[in-house]
Amino acid sequence: MYNFRTDLALERRDIYKKVNKLQEIDGVESTEEDINENIKVTRVKIANENGEKALGKAIGNYVTIDVKKLKIAGEDEIQKTSEVLTSELQKMIDLHTDKQGEILIVGLGNIYVTPDALGPKVINEIDVTRHVIKYLPQYVEEGTRPVSAISPGVLGTTGIETVEILKGIVDNIKPKLLIVIDALASRSIDRISSTIQISDTGIVPGAGVGNTRQEISQNSLGVPVVAIGIPTVVELATLVSDGIDIFIDRLQEKAESNEYLNKLQQNDKYEEVKEALNVGDYNMIVTPKEIDDLIENMKDIVARGINFAV
Amino acid sequence: MYNFRTDLALERRDIYKKVNKLQEIDGVESTEEDINENIKVTRVKIANENGEKALGKAIGNYVTIDVKKLKIAGEDEIQKTSEVLTSELQKMIDLHTDKQGEILIVGLGNIYVTPDALGPKVINEIDVTRHVIKYLPQYVEEGTRPVSAISPGVLGTTGIETVEILKGIVDNIKPKLLIVIDALASRSIDRISSTIQISDTGIVPGAGVGNTRQEISQNSLGVPVVAIGIPTVVELATLVSDGIDIFIDRLQEKAESNEYLNKLQQNDKYEEVKEALNVGDYNMIVTPKEIDDLIENMKDIVARGINFAV
Amino acid sequence: MYNFRTDLALERRDIYKKVNKLQEIDGVESTEEDINENIKVTRVKIANENGEKALGKAIGNYVTIDVKKLKIAGEDEIQKTSEVLTSELQKMIDLHTDKQGEILIVGLGNIYVTPDALGPKVINEIDVTRHVIKYLPQYVEEGTRPVSAISPGVLGTTGIETVEILKGIVDNIKPKLLIVIDALASRSIDRISSTIQISDTGIVPGAGVGNTRQEISQNSLGVPVVAIGIPTVVELATLVSDGIDIFIDRLQEKAESNEYLNKLQQNDKYEEVKEALNVGDYNMIVTPKEIDDLIENMKDIVARGINFAV
Amino acid sequence: MYNFRTDLALERRDIYKKVNKLQEIDGVESTEEDINENIKVTRVKIANENGEKALGKAIGNYVTIDVKKLKIAGEDEIQKTSEVLTSELQKMIDLHTDKQGEILIVGLGNIYVTPDALGPKVINEIDVTRHVIKYLPQYVEEGTRPVSAISPGVLGTTGIETVEILKGIVDNIKPKLLIVIDALASRSIDRISSTIQISDTGIVPGAGVGNTRQEISQNSLGVPVVAIGIPTVVELATLVSDGIDIFIDRLQEKAESNEYLNKLQQNDKYEEVKEALNVGDYNMIVTPKEIDDLIENMKDIVARGINFAV
């Protein structure tokens, strides 16, 4: 399989089409909708095994919400985006459970690492109801959906695979559906903290940054898993090898390339570039200097989007 | 049972002796050791059912480490205290599992509420080994104890009883022993962030502040539970009703009391005081202004103490 | 002068009236306005030297906005309160400078101490314009008011009196007016983070907690100083000595007091109580457990209130 | 002048020598010292106007401390590095003031932006003495040096040039020397949070990231300025254009380059690359994922280094 190094189905579709010089991919259907001048929704459906194999993503639905200028977004734009998220999320949830079906919301990531802190920060804002329904039923309307929320930490600080933690909790409290929030890697700088992907096929934590953990999905947990993913970083070696390709593209346009470069462009330079960058023990990431603020804005959007959807 | 409103066995022993005008309690044994001029260790053993009934605490061991002047503690004092903790903790662990027995460390509390953030903060500093032993055994010495760590959140933000979360995880990863870290309530201002209680009888989260959750113990989880508790708050109504008693004490000493006051002193004024304080929806706590710094110092002590002990 | 141990003119007025059994105070005028069922505005004017002497506060205007149930306030209530603040603040500013008069906003307090962090947190949210007007005038409308903002720290971490820092800056950039934000002490628990006091007489940092610093006012800086103060703590010794008075009140009502207690009630017990509480090196404060969240809500209110007013 | 895009004299010296194919630069003297296997000190002296012109840095002393493996540094390594910093800093201070000369320590940067938060975080750890000497002289030894500390914020949040703020304070409290701490940009990934540069020629905030502010130096403030700079980011466009040069280097080594590329290598591609990267409104930075932890380690080193030196 091609090494896409992005978690976004949308980007994988575009890369696959470009690499294979295709207009269409069998088993991959897409539609686009402009909500307003700043917000666009793209719905990608992987419909069969060919699509699954092509994009390396499971059969299912992938909805992407792109927001322009989130950095300078005011209260209004944040509210509007959260409403779009609510609407898309509701449709996805309704495909898999009914209006009273208990939901467990899971915030992946590490609260102490800024670009990875989105999941835990959203969990802190979720309006949980499960314990109120259980202990103080007189305080909630009949028919309120039980909602619980957890932030299980990351393997590096817990020593436990996230899916092991979740398996135990799911077996114990038996929710009907999981919503999992995770920071993703993308290949494109301008998607950082301005894109939200919703999918109903679960999640493989760290898949985008070559640090694969066991998948969190209906397969491993026995209940449907809706994933909300937000790109917060681009891996440096990915960015630089993409940059070299763009650079050779330009040389070719100007007819200044040569045979060696043309061949080079067709290979995967990722490992070589990673070595050349000499990053040692570090996992170098590319992120806007304003990432702390962007994460705060995105936290508000996702928390509100979920609270209204559930 | 008397409403002690403290989680510390030491304080309960002292209150019980004072209220019942006793010198000794059948079934409660204690010894004291001065480590240096600033650090004192008190070991209380509840040895039989009479002791259990008297203090409202399960049969088992309760070790208290008191540290003077923690606020202005330098690096040396922090190191020394963590060594005392290591030593006491090791003895307690060795009573219940062997040197290679897998340990799960649990940090109770809410990272977003300063005086309740100690548990989650310590978890971030624990040297976990379980995943390294599992995935990269060549990087650890043979015989290394598997250690994992989790910060499960609080009922108010998760909607799930902590014990339900832990039950699932314990069933799945099957540790031999749990170490649980929790912020406690005490009755004495000068114990705030300067006392560490270690016990091998589990924990009832929120017990000290009248907000009882299901217990985390061998009974509920099936494995021994060593608890490390640190007082970080005194509840206001507790403090004020204690204050009134002290006030009447002084009146009596000066022979300025009267019959009404003498009788009043023997009653529990807690609920009445709570109402009179008119705290409305809030849970009023008393804490030093320097609590943020104290929690940082205590976090270093507990994390080091645990890392060396396990 | 009576030791009021509160920074709120409103509370001082009530205490003075109670202690002196007065209905009116010469030189102190007040009006009240209910904005809605949750928000009330009280305007106290100290009109002459008698009022100044009685309340120990300078001649000038003191507006208090009280907000009920701020703890559970939603977005709407926060917005409404910030609008009330904007309106009151605008009136106060217009008394002292014109629409284009340059304003320097000062956030007092220590970002690392939760109940004292309000000022620095607000500063981070202020829309400053001074540098844009100076370096990129094409990006702002003609006539935009220059706004700058600073968070000078506290004496304990800087070693410099706040007024010395501000004097230097004011002399250099010559604003027409200062707005100073500070966390206050109040005497009443239910005012914590639910009251905003606006005054045009400057501020004495730490005055409410017996830790007086040099005043920040037109006298010391040469420009008018509008102060926005929010109670975030009650000092413990204050609360307990008030509690004893209430306790004796109740004894008197029940005719269970005695001569000694009646006399005691008329004395200031503060120092004695402070000593009896045995708080050692600590500055014990009383605060809701939810103070972190309350400060966040209050930060949004004050930042929006100021941004719209200037 | 060549656009070095690094604040480190050491890197500028190396780039200048490479670009101009020189072994020595007139007016630039250097010595190296290995402290232990992980710590190296390089002392660069710009001795005359030729050196100043070549490196674009003022005549003066530039000491660089390089620390390997800071990410996994334990308490010992942190202590050792802080001792080296203390020793180098003391020498630099002694060149410009005597043992009792009052020092003002300035932490530049924005506490709310992780890679820019080092300065403000260090300030919080400084042992200030100025106010104790002034108000409680009985608590300090005779001859103690007055130390104060301030974190003035950044132009974007204050609206005021940092030098304007400092000018006011310096004029008011008249220190004999300033120590300024700042996060720098470097050109090399492996210097991030593992290099400390000390110089006695002041600082131009933001110089390394093309965001030049007015200089903070003896010229602008009238007192000597010792600067402590720590690289925490590499700017993305810098890294990519350096990457392209390395890439062409390798092509040349393999004799696979061509005339166009050879010429390209000699030009500054920075602006072109920046545009091609299409980063829009963002200031893209490259940083280790572990930057939060690295900043904490570096904060401890710098705070201790300064506290012992002064």
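Note that the chains take the letters A, B, C and D in the order they are written out, and that residue 1 is the start of every chain.
Following the convention adopted for this analysis, contacts are C-beta pairs under 8 Å (C-beta built on N, C-alpha and C of every residue); 3 or more make two chains touch, one makes a residue touch a chain.
The structure presented is a predicted model; accordingly, all values stated were derived computationally and were not measured.
Identification of common neighbours of chain C and chain D yields an empty set. Most remote from chain D, judged by the distance between CA-atom centroids, is B. Looking at which positions face the partner, chain A and chain D present mostly the same ones, since more than half of the interface numbers are shared. Per-chain CA centroids place chain B at a distance of 45 Å from chain D.
Chain B and chain C have CA centres that are 36 Å apart.
Residue positions of chain B with contacts to 2 or more other chains are 112. Of all possible chain pairs, those that touch are A-B, A-D, B-C, C-D.
Remark: chain D residues 69, 71-72, 112-116, 189-190, 192, 233, 236, 239-240, 243-244, 246-247, 250-251, 254, 256, 258, 260-261, 273, 276-293 touch chain A in the complex. Against chain B, in their complex, chain A makes its touches with residues 111-112, 123-124, 126, 128-132, 146-153, 155-161, 164-165, 167-173.
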